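To keep things simple, chains are lettered A, B, C, D, E, F and G as they appear, and every chain counts its residues starting from 1.
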């Protein structure tokens, strides 16, 4: 299932990138994508259905952009002003995400958001260690992160 | 800008030669990298610099309208970059092996094969 | 036929290993058939030549170079050819016996025959270059023969000395011959001799003459090059007899005689010959008298004879040339014989030292008789041919147009000494009280005596009836040396005249000297030992040592193993040369007009500069690597900014991969340390700044110059129409100039193979297996 | 320190196909836009380098299935093969040959020796870089 | 009109870049610098590309700009994570104002074990990568 | 279309790629090595034949017209060099069957050898200055890899110097190409020649020509740019040394010949005088360097340098006769020097050392091997009637003709010292008794049966035969050299052949 | 309008490059330098985008895409170096 998903995605990406939308080109993209995936076939874990995820994805993207701008501005303010307002530290964030792909996406999105940076996952994959820049209100931060994770998982599951 | 680049390239040659004259083999490698960059830039600059007109025929068109940058030196430099990269890869591994075999990174201690 | 005659020696040499297996111990007799046949062949030419005719036989070789296998037979070359093949016959027979059972006998004959052929080629060549070819071949074969006992370090050393002197002279001679070719416009002796060019008036004359003289003097062991000849006695005796007395050493004299009629006419020529000839004569005579080894004695007396010959050419009168030819023949006969006899003595007694011999008359009577006769000829006593020759020599010296008294004094002095030497050679070993020698002596075998016997007999016949050889060949020989027809009218007895009186004086004084020899000998030995420290031989050793010292000094200084120094020199040469050329051919011009750039372009330039400087000065190795990465980004920005997207992409990719490679590799390398002293750093920095400055100046100059428009417009116009591509750079890479790219991917592949083998194939692993 | 992370592993698997696809894209399009065999090959190599960094040399070898050396050899032979059609038809070496293969429906697929050559370059670059990286990484282990 | 939007996008992008650059110079330790640089840098690049897409208003260009954004969103956090992690574990000194470090106490440098602190609590089974 | 002009490049390239593909089958690689080098020689002879018949052969790569395409050009000099490449390639390929260690064979010895030959052949045939750079690099990287193959300490040390100094040379070459292109806007050598020589004020051309001179001078190992050679040539296994000795520096010499007869003749009085003194000092320092050495291959290495001087002298004098001499010298030297290295390999095989002090007794045990050494050794020393004599003779004659007396004297002195070196080897390796400290002489005494023994001797005999032929049957060779020199002296012929009607 | 904006952007990017380079020279840890290098890559992307608009050549976008796909590898390489305990000289 996941193979087909990636394959179609790759084929579309191909068509988009090459800028010529023809059936031939889509087929070519499919073939090349197939080759690319063939190389990886033993490594990619199976994934289940994906059709429901498109609307959730849009919702997530909007949320993410909002967070992105918000926290970017916060960092910007601290960088630009002479006095440090930040209160950095490393926190352990219990994960709801369980598969590799989920953990990777969650940690990546967290890393992408200014003010938080994923450092590592515990060996039992239950905790994500995050360096955060503003620990003034740790609970608020944890809640925000929880919501972020939740929205990602909704898209992915 | 060509004039400016002439000075920059002169500096690149200076730096690369200075680094190649050092006794540490790692510095030698740094010198080699700078040297190949210097030579590539030299070709690029001497052939003449053109702003914002890459030698590409735009989509839909079948010929170039107006002047474009000289494509020939670009092709030469591309070849030269690849060659320099190959040589550099070889040189880097060579110095590592030399360090392992000889046990020093001091070039002055690698003179058994002469004298 | 002539070609075959000359080359037959080489051909037979090739067959020796096979023949040796067949003929076994009779190999000497078998091989001697060839020189015997050759002697007969050359003898058959006597009537033609003595009739005043010269034979010229032409064969092509390398006409483009003016090299041909042309041979010329005239009186001079015929005399030499006869001596070479005639004496050669007996030497080959003699050697078979002398070296009986020697493990390297076959090799000996190979070289000996090659030598004989070379020598024949030398004297018969008409072409100057072919002459030189054979000349050098005699040097090489001589080297091989002197070093025949090659496991003996001393023999190797002596062989090298002989070769070094003669081959060195040979090279000078080559220059001389080339100059002679320039002067005369001809490659042929016969043409040069026949032409009436005033060679000595040509601008090249002096140089040519000096070169020829040096060449001839080294080969013929003239002072100051005489020292190699006695050392050449390290060779087996047949070699000494043949090469180092009868034939090869006379090659130089042959050349002088050959060219005399053309080169003469200038004081330089004749005075040099007279001076060096006389000096050699005297030196040789003295050294012969003061030596103890029988071969050394004979060798020095050969030196003396060679000096005499040279001197006589220098005197150059008709009489002198007659004397020259007679001395030449007489010496070859008696000296060949004496060497073979000395070999017989050595062979039978086991020693070469005449002070250890005595009273051998009883055990070796036949040897003694032959030696006695040969010694008479050496001493210049009647009725042998040596006497005839010596009388002629005295006479021509007396009548010399210049330096007559000086030459006479030298001639008489050496004549006195040579009488004593003859005594040493004959009386000392055979008479007086018998001494114990390492081996129990008895008469030498037939094969070792036949040669000396025949040669001595010839000396006797020629002495008694000198008109015989004269009519057959000597007249012709004299004519070819003198340059015009000459009748020699030789006779044993001319009545009582000044030469005869001088001979008498020489005999008397020589006998006295011989008697005094025992007493004088230690003193002479001491004098010679002291003299050898400053003599020309010492000069040779100093020269050789000097070369070795200069060589190792040069190696220490230049090839010192320090890469930095090598590179420093390379950089200085590169930019010194180009900088100087720029200054003199174009001129320096500094240009600070940056007005056509935008500020952000300067920003990129600044980034490149900053990255480069930081990469060079930082003490942090990885900082340096990262900085090089920044440099790569800067260069990529330049490419992108100035319309080269493909280059930009490539540069970025390559930069990333370079950093990755460096990081992979640096893992194992130590951190930066400053290894060099501050002085070295300043020195290097100065040189580097100089190089960069010159490069900048060259670029600034080149930027103003564009003689022609680029050919690129062709690519731009035809990229799409003919090559069906819109990315012109790519079209150039894969179509217009595909061969470059093909080469480039092979470069990549080679780098991969090189890296792979370096990483995977380790020396340690190989040593294990 | 502790090596290899789950995040890198997973990300490598996600990013690598994108890189590979883009590399092919660059290769095929190079005749008309920036790109070509060399750039494409470098991007493809980057993909495998990423994989190698995440999973190690041994796994990368397994992933490639054929040895990098053989990829290199194939690239070189492709490059040489592109010279053959010209020789075959009696033209100078390296003369480009173009064939238009009719496709079902309208349109033609343009095939050329130039493309074969570019594929050769792509493979050669890929093979070379993988040789570098894999052998160097193996020598560390 | 679109010129203005393009200009704004470009300027915004450049502002993020400058912000990142100032941050990287000013901020006191590696993680805080990374908060500024990696994300703001990526943000700046994304905004610039958005400007490019808008400027050319061409589907092919837009597609490529989107591809770029997707790629940068995928690769930037990975790079940040990898460097931050490597920097942290090789013992860079954290800023003195750092308030807490829940990782340090759960990491055993000898066995290189990183525990979650939840081992004794019941929870879902560890799913392993297949 | 002249396939013979393409084949000398295509054959070794293909053989290299195929050998790489057959990495695991050494047997296949060995067979291929001999076949491909044999074919290369055959192609070379074919090329020589056509070149003599047609004067110049020109192929425009990709069928694009010159000067826009890369052209391959063969004149007599080029054809000579290709034939020599074939001869040396075949000799080395056969020799390698016996001499190459197993480990080297397993790690790409044969593909590297083929590609080295391809680079050399490409450099000889290309008519494009940048393409020349590419072939130089092919050759250079192949030589880097061959030099380090085996991984011994000495190899690593030598290779660092070799690589660094050659990379510097490459950078200078590349810069010079860039500068030249900036000025005349073309890369085709004929086109450059035609344009450069129509320039009124060629001062900058001379400046650039000196960059080329230095760069090629480094590759050719001229004074004072030769340090990399004696530092490295004795370090790899002997077949590699021999291959390098025969071909590599000669590519530099060839490049100097090419550009300083075809392109840079606008200031001969200046440029060629520099070459003249470089030549003299190269001869002298090389031969003196050899005098200080006591290792077989090091002596030979320094003599490469010394002999390069003679070849440069031929170019520097720049008279028809001098060029004949130079070309003759190149032909002679490639064969002779390769052969000497091969012989050194055999003595190494017999006694396990290249140090003269550890060698000896070979003449006693192997007289025919001694003869096989003497032929090239005496030829190198210029002893007639071997090839080296005529080579030296022509050069000396040319320098006398040009009234360069000091140079002549140096050339003669160097000849003498060369003889001294060869005699040193002869006396120590062949004549001297086997030293007592050498314990294992079982190979020398023939007690151990050697693997593929014939493969050691076939190339040595063949090359010795070539030496004899050049000496004894030198007229055709002389005519070849004369034709080559004639073409070099008349660059207009080359330009017309390449550019056809387009030349002015 | 756009022209002015582009020039301002060039200026800002130049400043960003300068600052990033300062961090690269200062370190102190290797990770800091790598972060600076990554930022420089991002600035180059921004530069490429602006340049594409400035020149009207969209092909420059490919440069940006290539950077986005490969530049992070250098960081991973350095990190790997640190993880494997490479010799630290900072």
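Note that in this section a contact is a pair of C-beta atoms (placed from the backbone, for glycine too) under 8 Å apart; a residue touches a chain by one contact, two chains touch by 3 or more.
A quick note: this is a predicted structure, and the numbers were derived from the prediction, not measured.
Note on interfaces D-E and A-D: more C-beta pairs are in contact across A-D.
With respect to subunit C, maximal separation of chain centres occurs for A (centres as means of Cα atoms). When every chain is represented by the mean of its C-alpha atoms, the one lying closest to the mean of all protein C-alpha atoms is F.
Seen from the Cα centre of subunit F, the chain whose own Cα centre is farthest off is A. Note on chain placement: the centre of subunit E and the centre of subunit G lie 14 Å apart, centres being C-alpha means.
Per-chain CA centroids place subunit E at a distance of 57 Å from subunit F. Note: centroid distance subunit B to subunit E, computed from Cα atoms, is 32 Å.
Look at where the CA atoms of subunit A average out and do the same for subunit F: the two points lie 62 Å apart. Residue positions of subunit E touching 2 or more other chains: 22, 34, 38, 42, 60, 64, 67, 71, 74-76, 78, 80-82, 84-86, 89-90, 114, 129. Those residues of subunit C in touch with two or more other chains are numbered 555, 559, 561, 563, 567, 571, 598, 621, 641, 643, 645-646, 649-650, 653-654, 656-657, 660-661, 664-670, 672, 695, 699, 702-703, 706, 710-712, 715, 726-727, 733, 735, 737-742, 744, 746-751, 753-756, 758-760, 763. Looking at subunit B, one finds that residues 20, 25, 28, 38, 40, 42, 44, 46-48, 51-54, 56-57, 59, 72, 76, 78-79, 82-83, 86-87, 89-90, 93-95, 97, 101, 107, 110-114 touch two or more other chains.
Each chain pair that touches appears in this list: A-D, A-E, B-C, B-D, B-F, B-G, C-D, C-F, C-G, D-E, D-F, D-G, E-G.
Partner subunit F is touched in their complex by these residues of subunit D: 69-70, 72-74, 76-77, 80, 83, 86-87, 90-96. Those residues of subunit B that touch subunit C in the shared complex are 1-15, 17-30, 33-34, 37-38, 40-42, 44-59, 61-64, 68-72, 74-79, 81-83, 85-90, 92-97, 99-101, 105-108, 110-115. Of all residues in subunit A, only 13, 16-17, 19, 45, 68, 72, 75-76, 79-80, 84, 86-92, 94, 98-100, 107-109, 111-127, 129, 131, 133, 135 touch subunit E in the complex they form.
Remark: subunit G residues 1-2, 4-6, 8-9, 12-13, 15-20, 22-23, 29-32, 34-36, 38-39, 42-43, 45-46, 49-50, 52-53, 58, 61-62, 64-65, 68-69, 71-72, 75-76, 78-80, 82-83, 88 touch subunit E in the complex. The part of subunit D that touches subunit C in the complex is made up of residues 30-39, 42-43, 45-46, 49, 68-69, 72-73, 75-76, 79-80, 82-83, 93-94, 96, 98, 110, 112, 114, 117-118, 120-121, 124-125, 127-129, 131-133, 135-140.
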